[in-house]
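The first chain written gets the first letter, and so on, giving A, B and C; residue counts start at 1 in each chain.
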Amino acid sequence: MKSLQERVAALRPSLPAALGRSALPFLIAIGLAYLIDAAIGPAIGATWRKILLDVGIAILLAGSLNIVNGYAGQFSLGHAGFMLVGGYTAAWLTFYGGIHWFGVKGTYGGFLGAGQLLFLGSCVLGGLVAAGFGALVGLPSLRLRGDYLAIVTLGFGEILNRLVQITDRQPKRVEDVQGRSLFELANNLGGAESFSQIPGYTTLFFVYVFAFVLLVFAYRLKYSSRGRGLLAVRENEIAAEAMGVDTTRAKVVAFVFSAFWGGVGGALYAHQISTLSPGELSFQKSIDIVLIVVIGGMGSITGVVLGAAILVILPELAREFADYRMIVYALALVVVMILRPQGIMGVRELWDTSPWRRLVQRLRGGQP
Amino acid sequence: MTAAGTSDAGQTAGTSDAGQIALDAQRLSLAFGGLKAVSDFSLALPAGGLYGLIGPNGAGKTTVFNLLTGVYRPDTGHVELGGERIDGKKPSHIARAGMARTFQNIRLFGELSVIDNIRTAAGVRTRSGLFRTLLRTPLHLAEERAITERSLELLEVLKIAHRREEQAKSLPYGDQRRLEIARALATEPRVLLLDEPVAGMNTQEKREMRGLIQSLRGQFGVAILLIEHDMGLVMEICEHITVIDHGVTIARGAPKAIQDDPAVIEAYLGVPDDAADPVPAPDAAPRTEAPEAAGPSSDGPGEA
Amino acid sequence: MSELLQTTINTLAVGGLYALIALGYTLVYGILRFINFAHSDVVAWGGWLAFTVAGAAGWLAEDGAPVFAVVLVVIATMGLCAAIGVTIERLAYRPLRSAPRLNVLITAIGVSLFLQNVGLKLFGNRPRSISAGTALIRNNEPIAAFADVRILRFDVLPIVLSVALLIGLQWLVYRTRMGRGMRAVAFDERVASLMGVNVNRVVTLTFGLGSALAAVGGILFALRVDLQQTAEAAWVVLGLKAFVAAVVGGIGNVRGAAAGALLIAFVEVFVHTYIVKAFPGRLWIAQLQDIYVFGILILVLLFRPSGLLGKSSVEKV
């Protein structure tokens, strides 16, 4: 039987074709995001705009956590830590940088102007720094399973939280900031108080561009050798290792990739609410994100999107019961684990389910 | 197919390429705390050979496999695969170097589909990393197509292609064992370790498996080391057999020699009483199950 | 010198506190092989129930309460928390007895959230004080005073209580039939049941005991710091540290929990105090306690996962 590499040469698509196929989803993503921002956003009123924004960020956070918890089956309870790192890094850059380079404290410039470009850069920077921490967190995961890993990741999240709390206060006056370099100011993240007056750059457009890009990546990862390697680690790590999957590398890469997007989510979050405080980005937040992944279905992209939508929108609809929201969530978690532990979708996607398949078959004109 | 040429010990010409040694294990030992699991194990598997490893329950056979594949690090001794030292390396490295295995207690990726089980293992021969995957470069696309193509062919050969989209854990037992073999073959190994491939099968299934295992050498150019309890199977298809008991190699050689070896008989049956029936000569015994002393199947808590 | 003594007493008090809570984690893990995430919330409820009971009985007046009242409150709270623990096990964990451990962990998180938020509704979200001011302990006078040291009744109580309960638990686990049953189930649940041990009863007892001890831990903690609302991070962090103590000592091991608790308290109180003294003026050093503890957890899990007094287990391939 012919080996793999022997076949590869014959099956290679041309570069332009591949380029087109590769780039198309991103172009569509940008288009859709623009549509949401320009057409849908203004049409639905302020309340629903905020909800839509929250859903987008939730998709980003849960979708990234899904890579570690869902694909690789490593139970991480420290995702808020990556949000924290990404958010504070991005805020540091836009707040202090904005004062240094633009001389103002709020947003600056128009669509894709200097200010927004700085913001985009800060999101990416936040992601990269978070990714670095992701590697750090991923390393202990190599030797720990299940419960213990959960606790260690929780501990990491708490350590990051504490570390932020021992930074210095945030100088808020322009004069105070301009006298000092950005690197000096790296330690002025507000300490236990909040870091405030973060320029509000986050819009529906940016949120959904990032969210859609992540979804495309998550999809491509899942249906590839790398992704299957992760799923194999989740299913049976010893067998995966025996079949050539470098489980160490796979797990660390999962953590790093997931942390990057968690950091981006944190950056977007920071520039939405304008004020970051360490207390808000603690394990409670991690648990909120885990909730989405668990209920949506660990390992399912469509599940995570559904979960994010449900868990963000539902409390809004049931405003009067806001007090009882957490209690309901808590009960839901217990009930789901007892009755349907795989969540809504399990590890499958919408297009794997039988109703969908039957629909597709019927549309193609075949018999059911 | 029995081994051609019978010598008491050592390797036979058989149909294997006696010149090239695919897997060379020398004086492997492993102790768990105070318990010596494997003592001084040596084996030279020629390219294209089909060797057997037998022994009573708990003899340490699977431990040997674990030593060869890197699950355990040997205390002493070393292992060479096609000339390259592999002892002390991680199992994934060893798989990449060309040695694959199946497991005594089936370890499939249960929730994944049959074909995805194979595709996962095939991934070891790809070169695209995370970035190429995310960006769907031409190389990545070509490799994915090649993986699917080869996986489908493997499924055909192993006769489970009709189940390719089913979840692995829902497969009937015999098909699960076939899938494990297909998955191991997907890594394009030069050496294949099969851990009790016919355990729990009926006569018909065993016959099919026997033919399949023998054909693997020609079709895939792979050398095979087999752990089995079914003596009939082992005696029929293996060119050379190593017998271990309590981690110690007690006999080695062609099947005929092994059958007559008193140490082997004693290990399996114990020393016979004077009064009772004498132990029947192996020639006279039909080629059926191993004459073990009332052992339960080796899926129990002990090791093979 | 006097300060050394004071610090030592603090260490012992904190250690005792951690030990009581750590035992709950370690007992449950030993038997059911999962981390009862909701344990720290039972601790919180212990503090609050004690406050509620004492308040209802009118014992929180300015002049404090007689000793027997204190004892009554503690016992009542222990009983209530034991009931809570047993109920949780029955409703949320027992259906998952044979499910993958991860599922139980997630369920435990759900239970934890539930307790936190119901507690918030029941007890309100403002912190209360049940320490010396509205004293549960009358006359917090020194039991002994020499040199510059004042050993307050306050300090002694937690130590005495912890030691007494630990000794009692040790006796129970190692000298009674029930204790033998617990150890048998911890060793191998299936075999224990074949040997006639009523596994369900053992599990119920374990949860009841752990929760009762947690109650005491909650009361002691509330006496040291103010009573924080049930969803406050302080409780989870407390639980986390006690869990670290259990792991460090060797999870599943009663003596280990006590040893680990002492070690954690030692680092957090003793070592920390002297590090702060060694670097005067650096405020941020004073906030590193939590980081020490988490750091220890990570180090232990990486390099000696079975803990100081535990034994390791190997997965069969």
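Quick note on the criterion: a contact is a pair of C-beta atoms (placed from the backbone, for glycine too) under 8 Å apart; a residue touches a chain by one contact, two chains touch by 3 or more.
Quick caveat: nothing in here was measured; it's all calculated off a predicted structure.
*Asks:* Kindly work out which chain lies most centrally, taking the average of its C-alpha atoms as its position.
*Replies:* Of all chains shown, the one whose C-alpha centre lies nearest the global C-alpha mean is A.
*Asks:* Taking each chain's centre as the mean of its CA atoms, which one is most distant from chain B?
*Replies:* C
*Asks:* List the centre-to-centre spacing of chain A and chain B in whole Å, with centres computed as mean CA coordinates.
*Replies:* 43
*Asks:* What whole-number Å value describes the gap between the mean CA coordinates of chain A and chain C?
*Replies:* Taking the average C-alpha coordinate of chain A and of chain C, the gap between them is 35 Å.
*Asks:* Need the CA-centroid distance for the pair chain B / chain C, whole Å please.
*Replies:* 51
*Asks:* Using the touch rule from the top of the page, what residues of chain C touch 2 or more other chains?
*Replies:* Residue numbers touching two or more other chains: 317.
*Asks:* Hunt down the residues of chain A that sit against at least two other chains at once, touch-wise.
*Replies:* Only 238 qualify.
*Asks:* Residue numbers in chain B touching 2 or more other chains?
*Replies:* 71, 103
*Asks:* Mind pulling up the chain A residues that touch chain C in the complex?
*Replies:* 75, 140, 143-144, 146-148, 150-152, 154-156, 158-159, 162-163, 165-166, 238, 279, 282-284, 287, 290, 294, 323-324, 326-327, 329-334, 337-338, 341
*Asks:* What residues of chain A sit close enough to touch chain B in their complex?
*Replies:* On the chain A side, the touching residues are 1-5, 7-9, 11-15, 18, 21-22, 217, 220-221, 224-229, 231-232, 235-236, 238-248, 253, 257, 347.
*Asks:* For a test of understanding, state which residues of chain B touch chain A in their complex under the given definition.
*Replies:* Its residues touching chain A are 69, 71, 90-93, 95-96, 100-101, 103, 107-112, 116, 119-126, 128-130, 133-147, 149-150, 153-154, 157, 183-184, 186-188, 219-220.
*Asks:* Inside the complex, what are the residues of chain C that reach chain A?
*Replies:* Per the stated touch rule, the residues are 34-35, 92, 95-96, 99-107, 109-114, 116-118, 121, 233, 236-237, 240, 243, 247, 283-284, 287-288, 290-291, 294-295, 297-298, 301-302, 305, 315, 317.
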